[in-house]
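Sharing a structure, written as structure tokens. Questions coming.
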Amino acid sequence: MPTVGFLFSKKEWLYLAILAALLLIVLPASVDIFRLNLIGKYLTYAFVALGLVLLWGNGGILSLGQGIFFGLGGYCMAMFLKLEASTPEATKIQSTPGIPDFMDWNQVTALPFWWQPFHSFTFTLLAIILVPSVFAFIIGAAMFKRRVGGVYFAIITQAVAAILTILIIGQQGYTGGVNGITDLRTLLGWDIRTDSAKLILYFINAGLLIGVLLLAQAVRMSKFGRLLIAMRDREDRVRFSGYDVSNFKIFIFCLAAAISAIGGAMFTLQVGFMSPSFVGIVPSIEMVIFAAVGGRLSLFGAIYGALLVNAAKTTFSESFPELWLFAMGGLFIAVVMAFPFGLAGVVKDYVEPFVARRLPVLLGRGRAPQPQAAQ
Amino acid sequence: MIGDYSYSEFFSILAMQGFAGLILFSVFVLMALGLAIIFGQMGVINMAHGEFMILGAYVTYLCSVVVTDYVPFLFPVYFFVAMALAFAASFGLGVLVEWALIRHLYRRPLDTLLATWGLSLALQQLYRSVFGAREVGVTLPDWMMGSISLGDAIEIPINGLFVMGLTMIIAAAVYFIMFRSSWGKRVRAVVQNRVMAGAVGINTKQVDRMTFGLGCGIAGIAGSAFTMIGSTGPTAGQLYIVDTFLVVVFGGAGSLIGTIASAFTISQAQSTLEFFLSGSMAKVLTLLTVVGILMLRPQGLFSLNIRR
Amino acid sequence: MQPIGQTPKEFILSIDALTVSFDGFKAVNDLSLYVDENEIRVIIGPNGAGKTTVLDLICGRTKATSGSIKFEGRELTKMREHEIVHAGVGRKFQNPSIYEDLTVFENLELSFPRGRSVFGALAFRRDQEVIDRVEEVAEMIFLKDQLRTDAAILSHGQKQWLEIGMLLIQKPRLLMLDEPVAGMSVAERVKTADLLNTITKNQSVIVIEHDMKFVEDIAHRVTVLHQGKVLSEGTMDRVKHDPKVVEVYLGH
Amino acid sequence: MSFDTRLPSIPLSRRTLLAGAASIAMLSATGAALAQTPATATVNTTGLAVSDTTVKIGILHSVTGTMAISETGSVQAEKLAIEQINASGGILGRKIEVIQEDGGSDWPTFAEKAKKLLVEDRVAAVFGCWTSASRKAVLPVFEQYNGMLYYPTFYEGLEESPNVIYTGQEATQQIIAGIDWVVKEKGAKSFYLLGSDYIWPRTSNKIARKHIEKLGLEVVGEEYYPLGHTQFNSVINKIKLKKPDVIYAIVVGGSNVAFYKQLKAAGIDMTKEKPLLLTISVTEDEVLGIGGENMVGAYAAMKYFQSLKNDNNTAFVSAFKKMWGDKIVIGDVTQAAYLGPWLWKAAVEKAGSFDIDKVRKASPGIELTTAPEGYVKIHENHHLWSKTRIGHARADGQYDVVYETKDFMEPDPFPEGYQ
């Protein structure tokens, strides 16, 4: 990693500027609010992809259960919004007014105790970060302390995602079941379904995303980030250099979980509901492909990957629904076989040298500058 | 539970419940054997394993249609032909996939996982385009349906017996191939020391390809057998994949005996729990227990304590 | 068993009745071994004698079935790997084990004993102390001019040095090296021997080595392992002429 | 909510349109009755995609993903109805243009596409959704942008949106008639309730249990399995142990196939009716996958079977086969989907306008005498009055209709005493 300048190299600051301009100016100015809302939805997946870059790209830990954390974050937010939507007045036709409608349909007659704290917005915001983190900590502590890794970790996270999905669907009186938690209307009295709200939510989302990107970069640039790479390549050497490797893995797993959960919460706000179909195996693996397409080592790549794959999905499924799965399948295979470093790899190998020939001043040398110690 | 029933009723239920567990066990073994060979012996994660099974199921379906239309008198025995063809088709596709994809990825197990997931998506769409989105029903010869009555209350489903018998034959065949044949010796040699095996004249590439093909072929037979108890649709393969992986991992990768033992444990646990709890909770509890035990004993049940 | 009354301070490392079995096979069998302060001890023995396993046991990579390993009076068998490192034991692996995606500087910096906790690593700053210490060690291991180089492109011998340097920067009290000169040129071996002789001023070293010339250059004492047990122990000269050793190496 | 109240509704030509609506006859040109096409400005005051010659509607089902299996029939039925409406002169002199979107078996995609249809395409009506989850996902969109959804599936009830017309039965209509029938005709005393684990089977079984208990009879077991579950031997053993008179099964999707195959293999011969099997989830569509030989002897309670004998249905079945092939089968939901465009047409013509609010206002009371199931009428609560029938499964995958309710069942999405 080049360590020139604060957080990023000069080139990467330029990339950040391009990204910020795209997300905050170009897209809002050029598409209508409907499409912008869609882009906002894609960007929520980019949070998960960012987490995966840290976890998988840098740390070498592949989780096939990131949907768990995306879902948990989304559910925490959805629970708050649902309670706000379930005022006694709005639900007076129910046999028990004041509780969410799906509880009433399932003969639940009082709000379960673990729903109670979600009346508080502060608690909800904390829960969005803490619930997934604690869950990740439990899984991570159990697995990493026992040195479960690689393929085993991937399969076990997948199994956990499956369990959680069955559980959410089975406990529909408390979770809304397979329908999820739907019909969310307002956030602290502010109608989130209006166009203006969608615009504001989009900007909050994009801003948070850039904030998380900076945070992730700060982690990568710290000694922690270099240790992650060291652990990925030579775990034993790190261990015998006096580091408790499992703690580092647990932390990065929790961090990736928390980042995914922010995405989930923003998803709920922008889409207006949360359902178990975002918790399971299929979405979890799709999120891995976003990171893979963008380039598993590149934070910028993760965002572009999430945007492009989803935009392609929408376009393809509108015009050639039959072809979509072929395209998606082909994408998986192509990225793994031909472009293991994804879009970011392509940019680095082809675009940058090309640009560097024409704009040497802007980028310095075409290749990344050789790493050097800060003086 | 016993309260309302006579002891004889209770015991016949116990017997049938044990048998239900055995059928589930056979299903798990059939699903997992192919995967265990591929994953355990080659370290390759084949997420498209379910789709190889479904290929076998579709081949069986085609056979049933063709036989009914052209040679109806063969119908009672078509199933055996169908299984052979299912094996051949899945084996062939497996060899092709190994050649096109897997052989480039032996050093990157996590990447095989992603590539084969992509493959599974493409195969699903292929099935949908060819056979339609609806599930297809495979008509079975009459002798395979129905049950044998043992006493007044105990009824043993014939297709269950058939699946169990098939499982035993295939398990025995796999055991023979892997541990008694010279080919199996070569496979194990490659697993233990690829370079050395190559140096003593074993064609390691061919061994890889055949091993992968064999694993997929067994999946094909499994798919063929499953038409007797389950459904055949483009996405049906997805239903099995997590369970199958858990069976293999729980047994301890690389140990075929472990795979069988783990299939037995999980199936008995699940079918017993299903009897006392609702199906969903039984499933959750079984999976949770397996994951919990794996956290305590990550190498699986039957893995040896070897030096790292 | 160490007799009561004998001061443990005499030995920096004392291994007593150590046994480990893998599925019934005793790779190390009732082994006892004592290492003095500032001693260079070389362990030799035929393949499968249990040499590497002994190092694995000391550094916690393998857990002992029975027996004890005391380092400066602390029992290592109950400690986890990183705690053993913190106690002052460093271990170099048989094949050079360095971070190829990072530079020489970063390799050494990561081994610098500060910021070893998660949050410590996040808050770690590359201050003058770190830079000075890295440069000092780099000089010792002959890599002062390669600090900015990616570790991947070092020669095999340089990688061995780098790994030794990664241990030195932690100032361990006991250094364990598994075949440190394998794959080195003659000139590099001489430099390595010098290096080892310099560093023992402050620490004890256990070396596993096959190269008898190199062993003679550095060893204070030699322990010969055979089938998980100590076959012979003493100066190189004595060991060389021990009939049991001759039998094992030349017999059959 | 964006109710447009600026313009008064125009009663003009209401009578002629009513006459037109009353004389809807499938496949017969009704163009004469609608000779003079009303001006676009009068029939479309809210900016819908209505031109002088065309009107755009949306079809929103899953063409890809796991739900494509089930939703295909609905798409086919809706397209057939639209083609027939166009052939008979369209609606208010305008031909229907279809914009089809794929929900991809993914609920946010449904919401997204619903929004696209309403906001970008400005369609006058949407025919679509199949699962409750997809309907729940699109519901806020339809309410926010004031669209009209015609939803074809039989479902759990507990919903009554002004923006949805439910053309399938809600749970009580299917369940109560079915249970009453087995109790009266077959003397059933004990029931074993079984279902896939999600809201429709759970809610339906809840209603069934209340009704059974109200009749003073016994529920001896209630059981749910995850969607896609394929091992039912344990529950089959439990059923054998409890010896109920009736197995009441609401298993869906791929699980169905496994369940009925294993039931048969376990020696439960449904033709002997010991126990008798009653389902509300297996239409002719599902039997295709299960195999008629595995289903023979079971009873199903729903409002439509392909074998229903009346002139409307004969014409419908032959038109459907002509359009989509001889081998195709038609299930309850497919027929309900077919009603959607016709009900919408009748409401538009009654209202004399495509405006959503006017169509909504005109909808209650709309009758369709040409429905393949015989006759339906839209209730105030936007569900349909319909008869419930009991079908007896044959080996060829069809049902024999053995009973139909004398009266039209009143839809009751929020049944008192059943919650």
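Read from first to last, the chains carry the letters A, B, C and D; within each, the first residue is number 1.
Operating definition for what follows: a contact is a pair of C-beta atoms (placed from the backbone, for glycine too) under 8 Å apart; a residue touches a chain by one contact, two chains touch by 3 or more.
None of these values were measured; they are calculated from a predicted model.
Least step count on the touch graph, subunit C to subunit D: 2.
Using the average of C-alpha coordinates as each chain's centre, C ends up farthest from subunit D.
Judged by contacting C-beta pairs, the busier of the interfaces B-D and A-C is B-D.
Rounded to whole angstrom, the centroid-to-centroid distance between subunit B and subunit D, based on C-alpha atoms, equals 38 Å. Taking each chain's centre as the average of its CA atoms, subunit B and subunit C sit 48 Å apart. Rounded to whole angstrom units, the spacing between the C-alpha centres of subunit A and subunit C is 44. Between subunit A and subunit D, the centres computed from C-alpha atoms are 38 Å apart. Counting partners per residue, subunit B has 125, 128, 278, 280, 283 as the residues that reach two or more other chains. Shared interface positions of subunit C, i.e. residues touching 2 or more other chains, are given as 61.
With touch defined as above, residues shared between interfaces to two or more other chains in subunit D number as follows: 64, 197, 224, 226.
For subunit B in complex with subunit D, the residues that touch the partner chain are 5, 9, 13, 16-17, 19-20, 23-24, 27, 125, 128, 133-139, 145-147, 149, 153, 155, 157-160, 226, 228-233, 235-236, 239, 270-271, 274-275, 278-280, 282-283. Across the interface of their complex, subunit B is touched by residues 64-66, 68-69, 72, 197, 223-226, 228-231, 233-238, 240-241, 254-258, 261-262, 264-267, 285, 288-291, 293-294 of subunit D.
By the touch criterion stated above, subunit A contacts subunit D in their complex at residues 34, 37-38, 41, 93, 95, 101-102, 104-107, 166, 169-170, 172, 177-180, 182-185, 193, 271-273, 275, 277, 314, 317-318, 321-322, 324-325. The part of subunit C that touches subunit A in the complex is made up of residues 59, 61, 80-82, 85-86, 90-91, 93, 97-103, 105-106, 109-111, 113, 115-118, 121-124, 126, 131, 147-148, 150, 163, 166, 170. Against subunit C, in their complex, subunit A makes its touches with residues 219, 222-224, 226-227, 229-230, 233-234, 236-245, 247-248, 251, 370-374.
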